[in-house]
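What follows is a pair of complexes built around chain A, which joins chain B in one and chain C in the other.
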Partner chain A sequence: MISATLLGQSLLSGIFSGCFYAMLGLGMTLSWRYLKVINLAHFAFVLIAAYLTYQLVGKSGLHPLVVAVLLIPLFFALGIAQQALIDYYKVNEFASVIVTFGMAIITEAALQWFWSADYLKLESHYLRGSTQIGTLFLPIGEAVMALIAVVMCAAVWAALRYTWLGKALRAGLDNPQIAASFGVPNRQLSYLVAGVSGATAAIGGIFVALLFTLAPSQIFAWLGVVFAAALLGGLGSPIGVLAAGLLLGVSEALTMAVIAPAWAPVVPFTLLMVILLIWPERV
Partner chain B sequence: MSDLHNSAAKLSRRNALQGGLALAAASALPAIAQGTGPIRIGSTLALTGPLAQTGILHKIVGEIYLKQLNAAGGLLGRQVEWVLLDDQSKPEVTRTLYERLITVDKVDLLIGPYATGSILAAMGVAQRYNKILVHHTFGIPSLAKYEMHFPAWPIGAFPEKTVTNRVVDMLAGKVKTVAVVTSKFPSVHFLALGARPVFKERGINEVLFLEFEFGAKDFGPIAARVKDANPDLLFMGAIGLEGNQLLEALEKLNWTPKNHFYTYPTPGPLALSPLGKDALSFTAYEDLPPLNAAPGAAEFGKLFTEAAKANNIAYPYVETQTGASYSAWQVLIHAAAETKSLDDKKMSDYLKKNGAPTIIGKVRFDGPNNYGDDLMRIKQVQNQRWVLVYPDEFKTPGAKLIVK
Partner chain C sequence: MLRIENLHVGYGEAAAISDVSITLGKGELVCIIGPNSAGKTTLVNAIARLLPVRAGKIIIDGQEATRLTPQQLCDLGVAIIPEGRRLFTSMSVEENLDIGCYHAKARANRMQSLARIYDMFPVLSERRRQIAGTLSGGQQQMVAIARALMAQPKLLLIDEPSLGLAPVIIKQVFETISAIHTQGVSILLIEQNATKALAISQRAYVLDCGAMIAEGTPAELRDRSEINAAYFGHGH
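So, the complex of A and B:
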């Protein structure tokens, strides 16, 4: 008989995983929808940010907030630079998979060159420990990460929904020529999306460093499930990717708690297939 | 137990001396197979991909060994060159690359890759071309059917029984319940599944059994189930970082295992993490007395530590992986030197009959599937370093088994 505490703890774990998927998936879903770039290098950006966080917090002793102040603009610029290259070489949507996969592979080799293939763990006192609520334990690091993921998704959703920029982006997506004739600067807006996507990678990377052990080969550790979250959530939808991330995270966690952990990886893709079958226009 | 003790006793000064002098002996012998160029030994390693963390250790060891060998005059009067390719941690790539090593690069000898899946893939190719294959850290002896394969990692023919029995012997009467939690990575899954009946036979009650996929990231629900089961012993079929991941998840639930054993942990992260305190595992070798008393072992330990630090390896000490890696080179070169030949069949026959002295001890190949004695010992993390705690004759001086 499964206990309520076990169920509750697993549910919490699933919520945190879901928020983490959304944090990683947000930049990806934006670039896929608005830039027509299936950006596998997004995961490389996340890991570069994680290693830089390891270096700056673990070795140089900087506070993670200071690191965030440094990395977010840096990765905003990196995102723009990547998009400028993609534009320059006129890389189309399908080719972008190959090109950005190549970027990720090069990144893996570079990380291995600079930091070795060995595992690295950022041992710091930031965001450590748990707080107890009733019989449940709430890990501080995961809770802060989840909160920031929700805020990021909500902020991007609000920006897309209520600001001129968001409307211009959607107009440019529908018909770039007509949007341009109304003064929509399509190219600048695409750079803005690429920059925001890069900035979300920086935030994701900071939390990867704080919550996980690093290894260069982890670039694609979350690829499958984040892909599933982006597709399930509807491309370009910040709230959708959050909801899908939560659905996947909670489903996986409950599968682990109630059935068997070995079945958990089956969950995201089963859900994806089922939803594609019954609701194909979702993607 | 008796196997272990008998074999352990064979780590005599004489055998160790033999091993230590192998490098010099190899160079002093008259050259056969009188090629003019260097002898080329081919292998792959997981230099990228999910097993690269351990692959790099094997690379460092191979480079050290060959540097020592060539400095001592090489093998059979010739210098030795290592043709090393990256198998990307993928058995299917390993298979192709071993074909290439034999048919395109035309190497003289082969040595094994790292990890059970890749070794098995290489073994198939070696068998097709009748090449001797000495390898390190192969985890499932029953799968190794090729008559010219030689495992330098002495886990015996039935580690799923012998290793678990040794753990239970060590913990004799101190634990009553066990949770077996295992990755589905083949070699650790095999050990964990084999451990279950042993625990049952030895009267230890299994309160939880869980399997998870290799590569799992979220250990929260698994940790919650382990905490719920509250075992005396957490026996984890873990490879790489999985042990750390579960411990980190358990810490978030404010729970620490009383006693915890891991099959194949990456040595650094578990030893260096505060959560790894008192963690147990099994080992063939650690760079600690009395094991490192063999001639050449201390020198190897020193060179490895220097090279590991230069390569940013977090745990820069020779342990079971690197010890096995060095012993694989010792076995291969010993066979060539003793037979004065690069003939695969002659070397194979010699090894089957005589075994080989290594820093791990005398490794024999005269049992089922060319496996000899189980020479594994039990180690524990104490003060952020793996130390030997069982059996008594291998205990690191000053170390004492901690059981709660």
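So, the complex of A and C:
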């Protein structure tokens, strides 16, 4: 029988993983639903941002917040540029998987070219260490990441639900022609979604650099589980992707603690399949 | 308010609308009647800039509107109540109305417009939080009308408002259209139900097989026996 401490600690680490999946999945679920782009290049953006953070924080000595101020607008613009290309070539939903997968492969090669295929670790004192709550250790970096992920999901949810732009976006999804007849600028809104998605990739990338070891192949490390979180959460739903991310993260962590670490990757897809079987209208 | 000159609209080779001309004065209620598939919806969609125009001109309020986008048409103060309502079905009633006043000018008067509309349709006020797709057909038509009114249009395009509705609701819908007209809105009404449409219109056009075959006041059209026979089913 495993101890309560181990269980608590793995629950905590599952929550952190879940929030991380949501942070990466937010941009993906938005572009999937609102742009009809299944954007695998989102992970390429995340890794580019991570390597840039590695360079700017680790080598140039900038504060991560300064890096955030630089990268967020840059990746907002990159997101728009990517969407402009996808628009220009009239890439449809299914083709978008192939096209953005290609972009991810090219990015992997480019990252290897600049930073080599070796593992790199950002050595910095930012968000290091942990505090203890009872018998549990709370790592500062993960906790900050989780908090920001929750804030991001909640902010996007509120924006979609309560702002004029959010309502216009949903109306455009229901009925683009009629929405346009009432003055909704569908095209500009789609660029806004692409930009926001890009900006979330920048934030995700900064935390990837601060919390993980970097390798170009990491582009594909979280693809499967984040894909599952986006689908399970209901496409386009920021709260859904957070909830699904937490479900996947926690169940993975518990599998690792209770059964064996090797079984953890099986969990997200088993859950995805089971839920799709019993609740097919979810997606 | 609206002038259409020799309009041609078509899909591919076939012309759905050929050489149609219409005028609609400020504050007028003009209807276009005609049988199913006469091209009525094609015509209104071309005016609403949802379909490309092949030839001819659309002039709204003195401005050339033939090549505008739907969004630019909205700037000119044109709103549409489309065939089949085409609500934002996953959004609430009030959110549908909000999109109605998305345009900056209309948005500035959101509160007054909402108050006026909830006064006009109390049931929409009760159901403001309900998802529009779950309303009854009649209530959905009210949302479609209310959404267009939120835009504070100068010209309202109404396409087949009676489609799929129960007779008692149809009566209510036509009374509402008449009331909107009394408030000074210019209205182009497209309707298959000629009797009902003529009863509230000042002038009418008859469209068949994509061409305009007659025009006049309701009284004049009723007096023309061949039109009477073909479109009202009243015999000779």
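Everything that follows uses one rule, which is that the second predicted complex is superposed on the first by the 283 of 283 C-alpha atoms of A that agree within 3 Å, B and C clash if a C-alpha of one lies under 4 Å from a C-alpha of the other, contacts with A are read in each partner's own complex, and residues count from 1 in each chain.
Everything below uses one rule, namely that contacts are C-beta pairs under 8 Å (C-beta built on N, C-alpha and C of every residue); 3 or more make two chains touch, one makes a residue touch a chain.
The structure displayed is predicted, hence computed values, not measured ones.
A.B. asks: Answer with clash or fit: chain B and chain C placed together on chain A by superposition.
C.D. replies: Chain B/chain C on chain A - fit side by side.
A.B. asks: In the superposed arrangement, does A:L12 touch chain B (first), chain C (second), both or neither?
C.D. replies: After superposition on chain A, A:L12 lies in contact with chain B alone.
A.B. asks: Should A:L277 be classified as contacting the first partner (chain B), the second (chain C), both, or neither?
C.D. replies: Neither chain B nor chain C is touched by A:L277.
A.B. asks: Determine, under the contact definition given at the top, whether A:N175 touches first (chain B), second (chain C), both, or neither.
C.D. replies: A:N175 contacts chain C only, not chain B.
A.B. asks: When the two structures are laid over each other on chain A, which of chain B and chain C touches more residues of chain A?
C.D. replies: Partner touching more chain A residues in the overlay: B.
A.B. asks: For A:G183, is the partner it touches chain B (first), chain C (second), both, or none of the two (neither)?
C.D. replies: After superposing on A, A:G183 lies in contact with chain C but is clear of chain B.
A.B. asks: After the superposition on A, what does A:K167 contact: first (chain B), second (chain C), both or neither?
C.D. replies: second
A.B. asks: Taking CA centres, what is the chain B/chain A/chain C angle in steps of 10 degrees?
C.D. replies: 150
A.B. asks: Give me, in Å and rounded to a whole number, the least C-alpha distance separating chain B from chain C in the superposition.
C.D. replies: So the smallest C-alpha gap separating chain B from chain C comes to 38 Å.
A.B. asks: Share the list of chain A residues that count as touching for chain B in one structure and for chain C in the other.
C.D. replies: Shared contact residues on chain A: none.
A.B. asks: What does chain A use to touch chain B in their complex?
C.D. replies: My answer: residues 3, 5-6, 9-10, 12-14, 16-17, 108-109, 112, 115-121, 123, 130, 132, 137, 139, 142, 212-213, 215-217, 221-222, 249, 252-254, 256-257, 260-262, 264-265.
A.B. asks: Which stretch or stretches of chain A touch chain C in the complex?
C.D. replies: Contact set of chain A toward chain C: 164, 167-168, 170-171, 173-175, 177-185.
A.B. asks: Write out the stretch or stretches of chain C touching chain A in their complex.
C.D. replies: Spelled out, the residues of chain C in touch with chain A are 48-50, 69-71, 73-75, 79-80, 82, 86-91, 95-96, 98-104, 107, 147, 151.
A.B. asks: Taking the touch rule as given, give the residues of chain B at its contact with chain A in the complex, in rising order.
C.D. replies: Answer in residue numbers: 47-50, 52-53, 55-56, 89, 184, 210-213, 215-218, 220-222, 224-225, 228, 240-241, 244-245, 249, 251-254, 266, 268-269, 272-274, 311-314.
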